[in-house]
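The first chain written gets the first letter, and so on, giving A, B, C and D; residue counts start at 1 in each chain.
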Amino acid sequence: MAKVKTLKEAISDNVRSGDTVFISGMRHGAPSAAIHEIARQRIDHLSLIYCLGMTSILLIAEGLVDKMYTGTAAQDEKTNAALQRARSLNKYPVFEEYSHFGICLALLAGQMGIPYIPTKTHLGSDLMKYNPNLTEDECPFTGEKVAAVRAVVPDVGIIHTQISDAEGNAQKWGSLGVDRPGINASNRVIVTTEKIVDSDVIRRNPNNTIIPSFRVDAVVEQPFGSFPNHLAGCYNGDTLDFQRETRKMEDLEMYLKDQVHGLGDWNEYLEKRKSIKGRDYLESLKIQNPILSDPVITGF
Amino acid sequence: MAKVKTLKEAISDNVRSGDTVFISGMRHGAPSAAIHEIARQRIDHLSLIYCLGMTSILLIAEGLVDKMYTGTAAQDEKTNAALQRARSLNKYPVFEEYSHFGICLALLAGQMGIPYIPTKTHLGSDLMKYNPNLTEDECPFTGEKVAAVRAVVPDVGIIHTQISDAEGNAQKWGSLGVDRPGINASNRVIVTTEKIVDSDVIRRNPNNTIIPSFRVDAVVEQPFGSFPNHLAGCYNGDTLDFQRETRKMEDLEMYLKDQVHGLGDWNEYLEKRKSIKGRDYLESLKIQNPILSDPVITGF
Amino acid sequence: MEQGRKSPGYSAADQMVVSAARRINDGDVVYVGTGLPVMATYLAGYMHAPRCVVILEVGIIRTSPGLLSRSIETLETQTMSDSLSDLFYVSSMAQHGFFDLGFMGAGQVDRYGNVNDTGIGDYYNPTHRWLGCGGANDLVSCCPKTIIILRQSKQRFPERVDFNTCPGYLDGTPGAREAAGLPPNTGPSMVITNLGIYEFENGEMVLTSIHADAGVTLEQVKAEVGWDLKVSSQLEETKPPTEEELFTLRTKVDPDGLYVDGKRAAPR
Amino acid sequence: MEQGRKSPGYSAADQMVVSAARRINDGDVVYVGTGLPVMATYLAGYMHAPRCVVILEVGIIRTSPGLLSRSIETLETQTMSDSLSDLFYVSSMAQHGFFDLGFMGAGQVDRYGNVNDTGIGDYYNPTHRWLGCGGANDLVSCCPKTIIILRQSKQRFPERVDFNTCPGYLDGTPGAREAAGLPPNTGPSMVITNLGIYEFENGEMVLTSIHADAGVTLEQVKAEVGWDLKVSSQLEETKPPTEEELFTLRTKVDPDGLYVDGKRAAPR
C-alpha cells in the first residue's frame, strides 16, 4: 500500500517545476482532479502534452506552462482569457504544433526508447517549418522521403482510470486516444482512479491493464476524478459549466480563486459543484443504462 | 454473412502462391487448422512470418516455403526432417534472421505504413550483416546510431481468436505476442475463430477487438482451431504428440500422408486425434477451472 | 452573409450536410473529423450507406450510426462500437492506406486545396488564430480521397493560404504531393460549402455544382472566392435535399437540435 | 561431462539455478528468457524476492510466481498475471530502460560476453545451428544488467564466437558497445554455469566463484574455457544450495519434475 497517496501527496512528490508532463485522456477520462491540484500547488515551468485538453487552460492562466506540445489548442489571444492572463504574468507559453498523430508518434518513440520515428504525415505542410521536433529524413532502404518526429519522454505522466489495484496495476477501457504511448513513455507515473480494487479483480482480466505496477509511482483513489469529462462505465461528462465559468477574464479569475485555490481538495470541489448544481447533480451524471460485457474467461 | 466461409474457401480465396503470410500466435492461439489447410492445398512459394511457429514445419516439409522471417526456427538440417525433406524437394527456404523485437518492428512499420522503423537493438550484432532488412542509420536530430528495420507488409495474415462476429470484428485475449502488428499490417485478413457470436457480444466489450470488420476478408468458425496449441479461455495445449509424430522422416511422411492430405478438413483431423487419444481427449484439454472477469461496463 | 435561404424548407447548412452525405458510398471506411463531417456521415449511415464504417481519431470504430453529441468524444459516441482502440491504431490504418475517404472541416482552403487551420498573417504574430489541425493533417495526408466541408467566404477561400496546415496539391504543379513525400494517390477530392461543390482538376479547385435551388448564383459564388475561379464546363445545379433526407437529419441525426445552421448550438 | 555431482543432495544444475536465483533482488523487474531463467526467477520469487516482476517476451507481466510449465507460453503462465500485453509492449519497455535485469540462456558465450545463438562455422554452411536468439538480443541490448546461464563446455566457451547474435562487449575495447550504438550502461553482467560464476571486468569475463562444494576445481573450470581465463583475485567458493532452496525448487517451482539436471525432460 506504500504507493497509495492523497492527490496532494502524489502531485507534490512527482510533479516538479520544469517537468514535461503528459496528461492522458483525449477528453475521455482526462484527470481533472490532478490538473486542479497542479494549479493549486502552482508547480511551474511545465511543458504539457495534453491532447484536446480542456482544463489545461487553468495551468496556462496561472502562468505555469512554458511549452505546449499541441495538435489543437486555443491560441487566439484576443479572445482567450487564459492566454491573456498568461501574457499579463509574462508567462505566455510556446506552442510546438503537430498533428495529433505527430504527438502520438513523439510519445510512441518515447515509449519505445528510440530517438525518433518516421511518418508520411506532416510532409509538405508548414508544420515542418516551425516545429523543431519535425524534420525531413529519408528511408535508408528505399530513399523515399519521410518526416522524422523526435521522441518526447515526459518526466511524469498522469492517467485517470476506472480501476487500479493498490500497487498501480491500472485498467482503463473506452476510447484510449494517446493514453497508451503517453503514459508508457513517462518516466514517473501517477494513477488516479475511481476505485482501488483487489489485485484479484485486475488479474481476472489482465488484458485491460493499461500500465503495470512496476511503472507506477503513486496511486490515488479519487471518485469523479475526471469530472467534468466523461469516463466509460462510470459517468457522462458535462463540460458546459466549466467552459462558461472560465471563458471571460472575470469569471476565470473567480474560478481560480473560488474553485482552485479556495478549496482544499477535489472532494471539496465536488461538494462545491453540488452546492451550485443540486445535491443529485453528480448522481445524475452516472450511467443511466449500464451495458455489461460477458465475462472474459481465463484459467487452465 | 458474406464473409463467413469454410476454411477451405477462406484459404483458397485469400492465400496465393508467392504470398508473404503472417501467422499469428506466439504459440498462444496459433491457427493450426489454417496451416494444415495451406499444406493440404499445397500453396507454394510462401514467405512466412510465424514467431515460435511449431506447425510451420509442415509447410517447410512440403516445400512450400521460399523464405522465413525468423527470430527462432529449427535450422539444423542434420537433425530436422522437415528441412531435409525441403532440401530433397530442392525447396530449402531462405532464413532472414532478426530478434523477435526486430520481426515485431518490421510488422509494426508495416502496420503503420512507413518504410522502416528505428531501434537500438540488433546494433553490434552479426544479424545486421546477414539480414538485408536491417541497416544502420542515424537520428536526424541527435546523430546517434540506430538500426533501421525495414517494413514487412504481409499479403495475407491469419489469426485465430476466441470469438468473432460474422463481419469479422474479432476478439482475442491472453498474451498477444506479435498478433496486433502482424494482423493489422496484413493486406488481406483471415479470421478463424472458436465461435461466431452476435455483434452484440462484441459491442459490449469493444476494447477487446483485435481487428475490426473492415480489415477482414474471411471468417471461419473452427472449434479447436488452434489445437495442439492453447487458447485462453478455451483449452490447454498438448504439443508433445505433434512434435513426436513429425520429428523423424518416416513419421513426418506418415503425418503428411495420413493427417494432412488424407483428411478432408480440420474436423476430420480432430476426430482422428480422438481416435488415437480417446473419445474424451479434446474435452480433457478444455479449461478445468475457468476464471471469470467482472463484466466490463459501458453505456451512457 | 445569408445566401441560400430561398426555400423555406431547408437551410444552406442542410444542403451542405446533405450534399456531403451523398458522397459516402455504402461500405466506405470513412475517417471523420469533428462537427459537420460527423453529421453528414451519420446521415449517410441512416440513408443509403448503412454499412459505412465510421472512424473517429480517438480510436472509435463503429458500423452502427451513433448518436450525435455535443463533442466527438462522449459515451454516446463510444457505446456499442465495433472497436474502441486508440489514435495510434486509427492513424496507422489511415497511413497504411486502409481507409476510403477522409472527411474534415477547415479554417481556410485555397485554390490548390491546401488547408489552413493555424493562422492568418505572420506565424508568430497572427491576425487570426485557429486551434490547429488535430487529426486533419493526418487525414488529408493519408486518405485516397478527402472531402473538405466549410462555410464559404472570400476570407476563407484565399488564393494561397498563409500557413499550410493540411497539404492539398501544394503549389498546384503536377506531382507536387509525391515530391513532398506524401503517399501517392491521396489528397483532397472535393470541397463542399453552403454555396456550391468543388472538385479538383490538375490540382486546382473547380466549381462543379451550385446550390441553385437554395438561391445561390454563380456571381455569389465568385464573390466569395479569392482568386479567378475555374468553373466546370459541366456545371450542375445541386440536387436539393429530399424530404426524407431532411426528416432523417432532424429526427435521427440531430433530434436535439445540437446544430443550428451548421454551427454547434453550444460550445464544444 | 559430469562435474558437480560430489554431494548427493543436489546436482550441478541445481547449483546453477540456485546461484542465479540469488542474484535477483526483491522488487527487481526481470526480463526472463525461456527455460532455466524462468526456474531461477520463480525460485527467487518463492524465496527472498516475492515482489520481483517477471516479464516474458510474449507479453506476460506477473508479480505472483506462476507455475513452471513445459513451455514459457502456456495458460498456466498467463493465468492471473498482472498484465497480458504483447511483445511490442514488453520490448519497448526494455528498450526504454525500465527493466532492472535480463536473464537468458545461450548457445555459446565468448571471452567478451558475446553470445552465439546462431551457428558455428560459415553462416551459410554451418557445422552447427542453433534456433536463433528469439528475444535474447533485445534483452542484452537493452537491460542494464544481464545474467547469462548455460551449461559450460570448452565448445560453448570459445574465445570469440563465430556469429555474434547477442552483443556483449564486442571486441572488449572500452566503449565498444556505445560506439556500436547500443544504449549506455547495458550489457552482460554475469555468466552462471554448472561449474562457476563469472563477472565482467573491463568487458572481459572473469571467474569470481567456483562451485567447490559440488566438487568443481579451478582446473576443471579452465579445461572448459576456450581462452586463457582471468581469475578474480577474490575468487570465492559458491555457497551451496540450502535445504530450503532445494525444497522450494522441488516442491514449488518444479513439482512435476519437468526439468532434469537443468534440461527439459520433454521437448518444448
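Operating definition for what follows: contacts are C-beta pairs under 8 Å (C-beta built on N, C-alpha and C of every residue); 3 or more make two chains touch, one makes a residue touch a chain.
Since this is a predicted model, take the numbers as computed values, not measurements.
Relative to subunit B, the most remote chain by averaged C-alpha coordinates is C. Two chain pairs are in question, B-C and B-D; the one with more C-beta pairs in contact is B-D.
As a whole-number value, the distance joining the C-alpha centres of subunit A and subunit D reads 40 Å. If each chain is reduced to the centroid of its CA atoms, subunit A and subunit C end up 29 Å from each other. Counting partner chains per residue, subunit B has residues 112-114, 119-120, 136, 144, 146, 173-174, 176, 204, 207, 230, 232, 236, 287, 291, 298-300 touching two or more of them. Residue positions of subunit D touching 2 or more other chains, listed in rising order: 74-75, 78-80, 84-85, 95, 142, 183. Contact topology of the protein chains: irregular, matching none of line, ring, star or complete. Pairs of chains in mutual contact: A-B, A-C, A-D, B-C, B-D.
By the touch rule above, subunit D contacts subunit B in their complex via residues 56-60, 70-71, 73-75, 77-80, 84-88, 91, 95, 118-119, 123, 128-138, 141-142, 163-167, 170, 176-177, 180-183, 266-267.
On subunit C, the positions that touch subunit B within their shared complex are 29, 53, 61, 63-64, 74-76, 78-85, 89, 92-98, 142, 183. Those residues of subunit A lying in contact with subunit B across their complex are 112-120, 133, 135-137, 139-142, 144, 146, 148, 150, 173-174, 176, 201, 204-205, 207-208, 230, 232-234, 236, 287-300. Subunit B contributes residues 26-28, 51-52, 70-77, 97, 99-102, 104, 108, 119-127, 130, 136, 144-147, 173-181, 230, 232, 236-237, 239-240, 243-244, 287, 291 to its touches with subunit D in the complex. Within the complex formed with subunit C, the residues of subunit B that make contact are 110-114, 153, 167, 169, 184-185, 199, 202-204, 206-207, 209, 212-215, 298-300.
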